[in-house]
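The same subunit A turns up in both complexes below, where it pairs with subunit B and then with subunit C.
Then we have the complex of A and B:
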């Protein structure tokens, strides 16, 4: 048995080496770097330098506030929308179901730069279709890129557009695993469709919804593309800067790797903490 | 309690007709079993009674009221599903009370009904457990309990014991029979297992390919089947069918020659129209209706192939010409396999069918 294990590990060695060099070591290394002052040459060990700065840095708290705001508003809205989309996709009344499934999933496979460019055009102040539509129904134009609230809304709309369909497909798989006869039993029990949804469908979908929520929380904590490409590097004036963008700015523009590592570990820690709280809140009663 | 009447009930899925005009009268308090092979339309028929499938033609009446367009919940029925259909996220108690709670039934009445169902099914100890913490038999009890709390006029069972092991199936069969006796309500039960049908039913409805083949009391179907299908389906092991030709017909009887048994002949008195001489017929003999050589009117030699010893009785699978026969033998435990012996058929314990499978009486 020991010999067989040794053979197995020999086969695994190439992968384990790559995993150790490109995954394990960077994780350990960045943690160690977060305790070093990296704007001096050579770098020196200063355990409180980056972490101390983090606690008093208004830019960090601005990015944290923006990230949490997006998390608190966008994730529930997107998951709710994904549930509605999944229920519609699952309806026997829907024709051309495959086409809709593809259409809902398509945003995920669209290139990030392309979709960001299209969003910028659509929400442009003077030429965008969104403002034209708003005008068309008698509403004033919105300057999506110059004001913080519309810019944040734009980020949330964009992220929701991109990921709602993806989550809907996952939830659809969950919906299709609920046996039909459970609903038939409820129908015989004179339980209305609405009550069936809230008392049967939603509780039975809970594990899938929690899974989607955890994925979305992790994704939102790392949010980078949309504020970088759509609202031009977290604009206006840092109004849409997220933790991911702050990390990028500190690490790859200011080359302050120590502080960027501290931000990265804060992001990971927050994602784990929020996920654990959510798992605890949605745990099954004993 | 209520009678159930099906009149010319037809079911089509698109252009495909799966139930072809079923006519069935079920009396108040009767236990009727729909039995037939897979795909014969028995579950579809039950689901139409429940209102879970639309009726393409004909009428279904429950308690004298036509329910074709009545919602399932308003038909006064309760259904027990093959897969139990319990709500997995609810406790047993919540499963039992869910329908009543959702409809605003007074709390005291809901508690009374749940308690009564739990007592009847002896599941009081399980009330706080969830379905995944229950065994198959316990789940089935809860599913039946959920039907009981509705206090329906008619219970519908859709192959409720199919997912249980053999021992539990026998136990639950007894429970369901006890329940019927205790509640005295009309019950319609679907199964493909003829043993369940024989042991539970007041009357059995035998279905084949969407047609009602015969309706009758279990022993009536066993002793006096209307056709070859019913004769073969009811009874375990199934009836033996021996190919024969009519060689003489007259004076209220026919003489048939068994094609695969070296000209063995049997004279059988009939009370109806006689088949013509030369007609191809089939002689049906149940495994327990083979007698010792010389005891009947027609002896046929057979060679034992395999014997199944069930203790009280043995079944010998025997080669006889090009036909395989199943023969019940009390003494078979002493017989070695590959043994040659002779069995005898009595005219009065055999049935005759024509080429189409219809009974010749």
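Then we have the complex of A and C:
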């Protein structure tokens, strides 16, 4: 490769310009705004105004609790399901592979608004198809929208439906990059398929699974549309309010940019901390 | 031998017995979206179980058009997604080309920054972006507001860097010996060679723009400037609204993408899987 500063930067300039204007400056600006009281004109510097409020705000802790709860339940369930999907889709015994792939991968193209609307309708109390089917097999109806636990479960079901196939695509690509002869050798040594999965497949997939987990955690940390549209602005009574929704409410309903920026930085801090812990936990033992 | 092939058959049956119900559950919401979009509202809100499509789609669509100007919103969504995809593919492949084929001062820093932003939540830039675009630039409710801020994406650049760095250097060196300018080498040799990767990238970017919700919801909230998902979202939760209409809108947003997905599955999957294969 050749040393060409001018040529390289000519190719990079438009991209870096967008980056500087719409990312670098906002990252700095957001940090500064979080130290200002923004509901007075002009804004004034008040370092503890938003952060002090954050520490004592029950609405913040409620949103934090809900977000973390969704995170620790939904992400592992979804990643496990994605691994199962990918491994089974990769099986040489599978017939009509295309149909199964379509079924699991199709949600990847469905927009948040469209699927939120469908889930809302499917799970409605009296006329939702899910409750009708539950009744049909002799189970009681579930009031998905008025009780906190079913409402949280609904959010997790919806997100899992939307994203499991996405992760399965990535994991499947990882699976297909594992050389065939590793398995052939194991089969010759009479290692069972189940043992092969736990002792060959999973360890070799680890980097891909970590990648999926990190992306999923960052995505779930910012969860907004599902509680906004499916459970009606984080209902019942804030029971499904997430940090993303709190940020929206504070920033764009109450126009309290300072406080919303503090919430945003908390989300970023959490996402980075969790990612680092994840990378550390799954580091190579060497 | 017989017992081995019998075991294989047994395992195959087990596999399909497990995977088929799971696949049906996974398809169910999409199927119900289509069914709801063809049912009159009094059918959707009736006690019976209806699992097959009816013939009310057109009337539902008319109800949707009465509730919000959905056709206009679709027009905005299509134009924005096409423009965005073109610009974003150009920008990211230029940046990917520079990172793949040149040594330059500060390269390490640029790469580190791009990797770093992958783990940074979008929420951090959301508020200043909004203040800047809406207040400082006075660009709320314009196409520019929808297209320009999302032009920065990190995974696309890493994907294109990967694509260009896999090409043999002799290809470009031969052209350089002939005195061909660098931008011509990029435009007329490298880009055509990267066509499959460009297709994968374009599909993913188009889809991202088509489905984008939060940013358009914030920045283009005027009825005449809304994208289709935002226009549809405003109806969800209203009391006097046609749910059959909302479902017709959901179908119009989803089914074209499903068709594209089926036709271009390989590119789609390559684009999504590329994130992990570094």
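One rule holds in what follows: the second predicted complex is superposed on the first by the 274 of 286 C-alpha atoms of A that agree within 3 Å, B and C clash if a C-alpha of one lies under 4 Å from a C-alpha of the other, contacts with A are read in each partner's own complex, and residues count from 1 in each chain.
The criterion applied here is as follows: a residue touches a chain if its C-beta (ideal position, glycine included) is under 8 Å from a C-beta of that chain, and two chains touch if they have at least 3 such contacts.
A quick note: this is a predicted structure, and the numbers were derived from the prediction, not measured.
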item: Partner chain in contact with A:195 - subunit B first, subunit C second, else both or neither; value: first
item: Subunit B versus subunit C as contact partner of A:179, first or second or both or neither; value: first
item: Subunit B versus subunit C as contact partner of A:187, first or second or both or neither; value: first
item: Partner chain(s) touched by A:203 [first = subunit B, second = subunit C, both, neither]; value: first
item: Partner with the higher number of touched subunit A residues, subunit C or subunit B; value: C
item: Subunit B versus subunit C as contact partner of A:78, first or second or both or neither; value: neither
item: Which superposed partner A:213 touches (first subunit B, second subunit C, both, neither); value: neither
item: Set of subunit A residues, in rising order, touched by both subunit B and subunit C; value: none
item: Touching residues (chain side subunit A, partner subunit C) in the complex; value: 1-5, 7-12, 14-16, 18-19, 21-23, 25-27, 29-30, 33, 85, 88, 91, 93-95, 99-122, 126-127, 129, 132-133, 136, 161, 165-166, 169-170, 172-174, 177, 207-208, 211-212, 214-215, 218, 221-222, 224-225, 229, 232, 243-244, 247-248, 251-252, 257, 260-261, 263-265, 267-268, 271-272, 275
item: Contacting residues of subunit C [partner subunit A, same complex]; value: 8, 11-12, 15-16, 18-19, 22-24, 26-27, 29-30, 32-33, 36, 44-49, 51, 91-92, 94-95, 97-99, 101-105, 107, 110, 113, 117, 119-132, 148-149, 151-152, 157, 169, 182-183, 186, 207, 210-211, 213-214, 218, 229-230, 232-233, 236-237, 243, 246-247, 249-251, 253-254, 257-258, 260-262, 265, 268-269, 272-273, 275-277
item: Partner subunit B, residues of subunit A touching it in the complex; value: 179, 181-182, 184-192, 195, 199-200, 203-204, 206
item: Complex contact set, residues of subunit B against subunit A; value: 50-52, 71-74, 77-79, 81-83, 85-89, 98-99, 102-103, 146, 150
